[in-house]
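Next come the structures, one after another.
The two complexes that follow have subunit A in common; it is paired with subunit B in the first and with subunit C in the second.
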Partner chain A sequence: MENKQSSSPASFVDSTVVPGDVVLDLSSMTNQTIKLGGGLRQDCDAISATKAGTLRFSKPNKYWIESSQKRYVPCVEDTILGIVVDSKADNFLIDIKGPAMGFLPVLAFEGGTRRNIPKFEVGTLLYLRVVKANFGMNPELSCTDASGKAAEFGPLKDGYMFETSTGLLRKLLSSPACPVLEALGKKLSFEIAVGLNGRVWVNAASPDTIVVVANAIMNSECLSGAQQIIMVDHLLKNIQ
Partner chain B sequence: MEGRLANSWRLTVNDKNFIKTALLSEIRIDGRKPFEYRKISIKFGREDGSSEVQLGQTRVMGMVTAQLVQPYRDRPKEGILSIFTEFSPMADPSFEPGRPGELAVELGRIIDRGLRESRAVDTESLCILASKFVWAIRIDLHILDNGGNLVDAANIAALAALLTFRRPECSLGGEDGQEVIVHPPEIREPLPLTVHHLPIAISFGFFSNESILVIDPTHNEEAVMGGRMTTTVNANGDICAIQKSGGEGVPQRVIMQCLQLATSKAASITKQIKDAVEVVNTERALRKVKRHPTSTGVDVREKQN
Partner chain C sequence: MEEADEMVTPGEVLGRATDLKAGKGAYAASHNNTIYASLTGFRRIQAPPPASHDKRPTVEVTGHKAHGPVPEPGSVVIARVTKVMARTVSADIMCVGPKSVREKFTGIIRQQDVRATEIDKVDMHLSFRPGDIVRAVVLSLGDARAYYLSTAKNELGVVSAESSAGATMVPISWTEMQCPLTGQIELRKVAKVVN
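So, the complex of A and B:
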């Protein structure tokens, strides 16, 4: 540990860190403003990791730790898939796979007024946006984009929803498109919604397309790009 | 109230409908056919009598231990076989720590019935001194991950653990021949249990009114299906136990079909368990043979240092 502290901070970027590792030393980088993301904490001059994962750096000054986990920690402006659990007078209670239930105010819809409150039965799947995620409070969700338009948000009809780790999600949302999605998209037509809370919804005309797409995505987590394409080819051959 | 809601696992309306509609065209969400079983992998721990079974996403750990106890009064010459289940909240958020839930009790009972009523484990050979000392075999089943069909996975884990378990050898001694001497494993080779046959539990799920039948239901399918039936059969086709739960009524024809399917599946699972056990037994034997050369090897290296 001693020699790690003295080493230059750049050496930790893109390497695996575990909780307690001191990844940055502020005393050696004066007159510089840095932004800390998830998994990092500051103790005086030392920035240490609080979770295991890969330390990432994005120019000019952002640091965060990237890891793959099953739980979701709400973050403002994330787009997520939530399940309606209960409806109260002011809020819908939404399960977002996080530590606390999300609150979706009944007025947080495009043109939402007291008169046209939507009715959602328990178990409805919604595509949502996180508006507030304060510590110790239930996260607040919304079915509109920042300008109050419905955009793509709202209930998702039919299809199939499955759960994945946050690591796989990041791959699915990365650009250029993830190889598995690209390979599937060339042969099949389907609709997909990826929530940052580890939920993916897939819809297609026939059930077997949905099953193939869902399984291909779930299997792709530990495969390289080339392996993903081979796997998709293999799966598609089986159904044709 | 809210905390409880957050803990209970739930399925979306979309998934429920999708599972049902896909099953109508004989498609299951994990790409299986209705009568296809998931892949089973059986692993063993370093200790004798420990096993870990993975059935798709489901993971169960089995652990067998033995203890010398006084037998029950009404059965002075029989050993005791008992099963304990442990449902960890890590496996599924809906499992509550502490008190065993309804599912935990049912699972324990089904496996217990399969093993005991069919007399799969020879309890009479566990007797050392009638009405004084018998071996009490305890099977602990820990659910590590719930991916559906816990009964079948736990049953395989219990069987695999029983087959690899070794109990210390005992003999009678002392002046009156009433004293029990337990020989440590270094002195006398521990003995395996006598297992006559392997009762394999096979579960089926029934879906409402379309008379759809699936084998080995997953977690999601369990949430949708109306009824389930677990049949415990062995490779010879003997029925050891049947458990039918859930509200769905099932005609006799379907039950017969289930039993036929179960028998053929039981044969292949039995083979898989036996193969896995044989591999671990040969390894065990080889470990014993190699003991001497490795110990001398270590000595030499230490001298060099």
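So, the complex of A and C:
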């Protein structure tokens, strides 16, 4: 079989790979510790891709596959938007668009004790943090940050929630600020919460603003930075 | 052994307590001195051992699949982990002692029964994974759904486990197992195998 790989592993970095591609050959890189992120798997000496996407590399030694999906796989320390489905004695059952329901312990709030357990109706939208996400177990969630403070987690009131792909969300959360959000923020005032599980919540004073912001974000998925700014200008001209 | 054994069902009269002794699958009702069957199966009579004082033969009910081994409190069982949750682990019991069971029994290992020390700091995910084979001891008959099992001894715990790469792992300490293909170490509550 023809060996398509050139001798340096950098040949696959930033190019599209599909599941089954051998992207790194460990026998040619001795005495290095490399860290494998999502979408990569080790088979003795070969590192192969298990997801379709772009192979990324960050110095000094991290490799991972970036791709945009509609499904969400829970990871620790992700901030997500969940919807309450049921409440049990010890925890709330939360739908997080993943393979299993998330469990939110009833005490996982700032100053939470058995006496002041919050009562959430079925259908409440919550901004949460993933505490434990092991394969095969239901993920454990929390409404506090790592030090126990509330820090914006909790129920989101009013507003509008819509679903997108995970790639778009990471663009929205990247720093420096995403062009769409910057352009919208110059003319309109709104509040936004981005959940890494594919949900975005927008709130503003008037429904027109909410709709414009939501449409702008959904349209910006396949556009480059400059195109996004042009698209936002078009939208804003139409409402003013 | 007699060939023409009759099939009996629970509640059938097997004989009188004055003529027979109740063996496996049968019991003697004290109020009217009769022996009744308590299981379904074939009625068999065994001659009394010659050295005993009691000259009555023993009647037993055997030969049905329900007569496979049944976990009793105190017996060591081999189970396969099916589900790992925050505070409990469910396992399907496969063998009781050296014999394999003939019907399905479920067991639960609770967080406080995983090991003997620091029982409130146990992380179930770092002790068991779905698919692991564990050796455990039956604590009690538990509730209607499952037996309660315990692995709180050195020789109890994970006996065999598969790594995420698919190879059978080698135990290297009482908390760690290593995959021979990738060298990755995974945490389990490992049973000490005594030869």
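Definition applied: the second predicted complex is superposed on the first by the 235 of 240 C-alpha atoms of A that agree within 3 Å, B and C clash if a C-alpha of one lies under 4 Å from a C-alpha of the other, contacts with A are read in each partner's own complex, and residues count from 1 in each chain.
The working rule: a contact is a pair of C-beta atoms (placed from the backbone, for glycine too) under 8 Å apart; a residue touches a chain by one contact, two chains touch by 3 or more.
In this text, all values refer to a predicted model and were calculated from it rather than measured experimentally.
Colleague: Following the overlay on subunit A, give me a clash-or-fit verdict for subunit B and subunit C.
Modeller: Superposition check on subunit A shows subunit B and subunit C fit without a clash.
Colleague: Is A:160 contacted by the first partner subunit B, the second partner subunit C, both or neither?
Modeller: first
Colleague: Which partner does A:85 reach: the first (subunit B), the second (subunit C), both, or neither?
Modeller: first
Colleague: Just subunit B (first), just subunit C (second), both, or neither: which does A:176 touch?
Modeller: In the superposed model, A:176 contacts neither subunit B nor subunit C.
Colleague: On the chain A superposition, what angle, as a multiple of 10 degrees, is formed at subunit A by the C-alpha centres of subunit B and subunit C?
Modeller: That angle rounds to 90 degrees.
Colleague: In the superposed arrangement, which partner chain does A:214 touch: subunit B (first), subunit C (second), both, or neither?
Modeller: The first partner, subunit B, only.
Colleague: Quick check on the superposed pair: does A:95 touch subunit B, subunit C, both, or neither? Answer first, second, both or neither.
Modeller: first
Colleague: More residues of subunit A are touched by which partner: subunit B or subunit C?
Modeller: For subunit A, the partner with the higher number of touched residues is B.
Colleague: Check the superposed model and tell me the shortest C-alpha distance between subunit B and subunit C, rounded to whole Å.
Modeller: Between subunit B and subunit C, the minimum C-alpha distance equals 14 Å.
Colleague: Considering the complex alone, what residue numbers of subunit C touch subunit A?
Modeller: By the definition above, subunit C touches subunit A via 83-86, 124-125, 129-130, 165, 181-182, 184.
Colleague: Considering only the defined contacts, which subunit A positions touch subunit C in the complex?
Modeller: My answer: residues 41-44, 103, 132, 134, 136-138, 140.
Colleague: Along subunit B, where are the residues that touch subunit A in the complex?
Modeller: 2, 5-6, 10-18, 21-22, 25, 27-31
Colleague: State the interface residues of subunit A toward subunit B in the complex, per the touch definition above.
Modeller: 83, 85-86, 93, 95, 99-101, 121, 123-125, 156-162, 201, 207-208, 210-212, 214-215
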